[in-house]
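In the two complexes below, chain A is the common chain; its partner is chain B in one and chain C in the other.
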Partner chain A sequence: MARFWKAVRTLIAVLAAAIAFFPIYWMATTSVKLPGEWSAYPPIWLPTTPRIENYIVLFSEPGTPLRESVLEALGRGFSASPSAVPNIINSLIIAISATVGAVFIGTLAAYSISRFRTGGLFSYIFILATRMFPPVAIAIPLIVVYALIRWIDTHWGLSLIYMAVSVAYVVWIMKTFFDEIPKDIEDSAILFGLSHVRAFFRIVLPIVKNGMLAAALFTFIINWGEYAFALMFTVGGKATTIPVTISQLQLGGGYQYGPMAALGLIALIPAVIFGYIVQKYLVVGLTMGALKGRR
Partner chain B sequence: MTTVEVDKLVKIYDKFVAVDNISFTVGSGEFFGLLGPSGCGKTTTLYCISGLETPTSGRILFDGKDVTGLSTQKRNIGMVFQSYAIFYNMSVYDNLAYPLKVRRTPASEIRKKVNETADILGLKEILNVKGFKLTPAQMQLVSLGRAIIYGPSILLLDEPLSNLDPTFRMETLRHIKRIQRLLKITTIFVTHDQLEALSVCDRLVVMQSGKLMQVGLPEEIYYRPATVFVAGFVGTPPMNLLDGKIEDLGGKLQITGPGLLHTTTLPKAYSVDEEDIIWGFKPEDAIISSGPPTDVDSLAMKGRVRTMERTAAENIYLIDVNGKTVKVVGYGEIQPDTSVFITIPVEKVYIYSRRSGKLLNAPPYLEKLSSRSF
Partner chain C sequence: MAGRFSSLKRIETLFIIPIQVLLWGIVMAPFILAIYLSFTNWSPAVSVNPLDAKWLGLDNYVSILTNARYLGAVLRTTLFALSGVAIQVAVGLGLALLFYYGVYARRILSTIMIMPMMASPLIVALMFYIMLFTKGPVNAFLSLITGQNVEIRWLSSPELAPISIILADSWMWTPLVFLITLSGLSLVPLDQIRAARIVGASELRVIKDILIPYIKPFILIAVIIRILESFKLFDVAVFMTAGGPGVATETLSIFLYKEGFLTLRTAYIAAGAVVVLLGLSVATYFLTRSIYARS
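Our next item is the complex of A and B:
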């Protein structure tokens, strides 16, 4: 009987994994399919010969010899979409700067709230409450302000919005980490002769390093995939990010499933790499608790 | 070698008076205890001495110099925290070396001092172990090592044993005391455990609700508890305290009270001018008998044994006397529900004012320590 239930459990786990991985599988195979195969019926589960044309279209500008050679060989099916390379760079700049900023500000704020009860319970709850607005609720006034100060379609502008949005998560994650550390840690560092500020940077921060990495991963993934703000605040195309680029691939010339899948797969890479680096710290970070101590 | 003087110290948080006007002096090289129940203000007092808390009023003096306004960093204090405050992410070696690094000690000297300290504390084997992998007892020693490695003039211990296994406590405490003697460092030890405090402290203060109850040698605290509170706090088990009345019958003082079988005349040494009193006796000073006592000069009570608590060497009988529970230490088996008589020699009786709780009269001061108390 025990073996039966074990089999059932395994089956459920395999099924759940399959459901979770199917879109990624489909995206990966679509990215190496030719236009005719994208939405063929019956579906092509595994293309016989993987093709890199989707990636060429994605990475080249229309009119360049490389792009022309693809169009010549395959004819129609590809639209004249611009190269996605600048937009990938935009995404990297905006998501990374927003993450670094949010983790820095959020960690300081969390320490202040955890140790000095800055703002009392109000600030703690209020910071999370900022996450309860739907983006459109604040988008209109923001657009007006941004238009006035000419921040629309700038890296800086979108990055600042992301930072403001994700700092709330950082505060909540980091506060729990700081709450776990006895105040005695700073006190002893102060007794050794450090100032409180140096005790924070030299002693406390290294201890919560894992928490900061976890917060950074979380923040990065949210910022990297954000769509609504990016769509509204990058009209003009100078600071367009990957999610918006993917949606633009379906305009003017039909659905570009191949390049879309290729870009989607590329968009996964940083999150996967970052997640892989951070995962071992994540486990340590989450089990570091059990260090009690009070005044 | 430094003396510490706490002068009229007051610490108020919002409206809560944590420390209420206390003064005491710690001699150079002394192992001094701050004893009291949780929330009595002993830790707050310690933090004021360390400079981590700022007194609301009053002064802290080191060697006669006022340090109240001096920052913690400049007080040259070593401190062991209740949570040990080990830097979990560093090895034992780095933990010990840290205070020296902050003080820009040359690397060669750091190595020498860390090795010396590790030798004294027996940490040689675990120098490369990371902080979060240590056992509580090891953390405790590392924390102590880190607090003494830079030669502080004062060592503060904030309940250093409370996170340890009971079996380790006394052993660790004696270890700490040995090191303290070796370094001749002025040490202030905060604890809520009276047995610990009485065992190792050269002198101690007892605190309650922010107020200082008594300062003295362990023997004084144990044999002459200055207030009802101290009497009910020290001793295992602590003193029995019962209501009573003292009457002056033409120069003779007579004590009566609920549960007492007969009126007893107090010896000449006693002089009490209050009528309503609380009288007490230590559980080890009473004698249990099955028949009524023949000695009419002693205080006597009749009661019913409710239960018996066994300890390693003797038993503690919980006896119902007139609705109150009296504890008496003795040997041998007594079945619950047995009627017994309790005799208390009159020279072992403590008398406290019911109004102020202060000691009015104690048995003649005992020079020799009884073997069971220490």
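Our next item is the complex of A and C:
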């Protein structure tokens, strides 16, 4: 009987996993289909011969022989769409620099708040509240400031915004990790002659490195896929990121579903791999506060 | 002793400065500028310099608070957020309970199940967009199992478009709730459950009276993260439906974006943004106070 119920539960779980997986599967198969198959009816559930033309469009410049070679299969509409490679690089630069910055700044702040309750409740809530502000609400005045100092459409400008809007999660996750470390650890290091700053970097930080990894994953996923700020702050195209590129892959009224799906899959893969590696620390980081008084 | 105390003072200040500079510079200063602009007739279409704008007093506030489209967007965003969170908690918790009681192939199933969490909102929007064509795979599947020709207009009917958006949003966020609640369940002390079973309690009672009360703080954390993010709902709706048909899926962020960026009634929109930010700040205060009080 117990095995019967376990089988029933497994069946429901398999169904849920199928629902979780199907959209990803559909995007992946769309990325290897030719235009006529993108919205064919009945749908082509399993493409018999995967085609790489959609990827070639993304990775080639218009006018090059490589681009010309796929136009026959994809249609003339694709002759002018620029290569997505610079935008993939933009996304990497912006998301990685913002993540590193947010984890560094947020970890320092979390330590200060965890150990000294710096600024009290108000300061902590102020930091978390910044995460809740709708991007457009901040963007309207910020774009005026950015226009004055000529930061619109720069890597640096967008990266700073991402740092500011994702740092709240770093503070949250890291504070729970610091709360777990007995204060005696720094105290004894200081007693042995280390300065407090050195004790922090040499003794405390190595203990919380899993937390930093989790915080880095969370902020990376947020920044890597961010769309609203990118849409408003990269007009001009010098710092355009992947999400904006996907939304702009249009041709004469129709969407280029194949190349969009290909770029979507390219954007999804690093996050899934990174996420798989550190998922266990992520949960610990977000929920450790809830364990207080339970052990 | 006095020397050591002052060194503690220094590190707490030193570590909190970077985050304060970042948040005041990128989030708070623009917000304060927005408050000023919201009392004027400033528009970048006339002059970017805030000093050229004419002081209007409360005019913008009076007209935004009587703007039916704005109030509709606020109400709609709240409804989307609450119904989305309800679905995500119900399904996420349900799946976590399935896994807690045991399923076959647990590792692979849970790995697949949390994949949607790693996708960015715009890519989720793309996946659902290409799945929900009237002649797309979802309708084709429904046609297969019902034996009739199903042609549901998922994205173009005003009744279904909001549901499609809530479903896409829930698809991507249910895994986070699942992950957080499952990690809570794994910590429930077994002796309590055994004792309850010995005295003959049904499994439903065990779930209702032991498991759920125990993991309440975990559910709360999941709810807070989801509410923080839900009020910003923009990417999914703007890509899938652009707020339409009509205003059926126009969330607050989309309204502010359309009016503030596309029609440039910027000061007027700043007033709308200020009202929302004040409301959200109060909400965040009460929500985060509950986590802070615990840790």
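Brief remarks on what is shown
In the analysis below, the second predicted complex is superposed on the first by the 264 of 295 C-alpha atoms of A that agree within 3 Å, B and C clash if a C-alpha of one lies under 4 Å from a C-alpha of the other, contacts with A are read in each partner's own complex, and residues count from 1 in each chain.
Simple rule for what comes next: a contact is a pair of C-beta atoms (placed from the backbone, for glycine too) under 8 Å apart; a residue touches a chain by one contact, two chains touch by 3 or more.
Remember, predicted model here, so these are calculated numbers, not experimental data.
Of the two partner chains, chain C is the only one that A:Ile246 touches; chain B does not reach it.
By the touch criterion defined above, A:Met132 reaches chain C but does not reach chain B. In the superposition on chain A, contact is made by A:Ile207 with chain B only, not with chain C. Of the two partner chains placed by the overlay, chain B and chain C both lie in contact with A:Ser195.
In the superposition on chain A, A:Ala16 makes contact with chain C only, not with chain B. In the superposition on chain A, contact of A:Pro43 is made with chain C only, not with chain B. With both complexes superposed, C is the one of chain B and chain C in contact with more chain A residues.
By the document's definition of touching, neither partner reaches A:Ile96: not chain B, not chain C. When the two complexes are laid over each other on chain A, chain A has residues 190, 195, 291-294 in contact with both chain B and chain C.
Listed in rising order, the residues of chain C touching chain A in the complex are 4, 7-8, 10-16, 18-19, 22-23, 25-27, 29-31, 33-34, 37, 44, 48, 50, 91, 95, 98-99, 101-105, 109, 111-124, 126-128, 130-131, 133, 135-137, 140, 171, 175, 179-180, 183-184, 187, 217-218, 220-221, 225, 228, 231-232, 234-235, 239, 252-253, 256-257, 260-261, 266, 269-270, 273-274, 276-277, 280-281, 283-285, 288-289, 291-292, 294-295.
Within the complex formed with chain A, the chain B residues making contact are 43, 47, 50, 52, 72-73, 77-79, 81-85, 87-89, 98-99, 102-103, 132, 143, 146-147, 150. Those residues of chain A that touch chain C in the shared complex are 5-7, 9-10, 12-14, 16-17, 19-24, 26-27, 30, 38-39, 41-43, 45, 104-106, 108-109, 111-113, 115-116, 118-119, 121, 123-138, 140-142, 144-145, 147-148, 160-161, 163-165, 167, 171, 175-176, 179, 190, 195-197, 200, 221, 224-228, 232, 243, 246-247, 257, 260-261, 264, 267-268, 271-272, 274-276, 279, 282-284, 286-287, 289-294. Chain A meets chain B in the complex at residues 182, 184-185, 187-195, 203, 206-207, 209, 288, 291-295.
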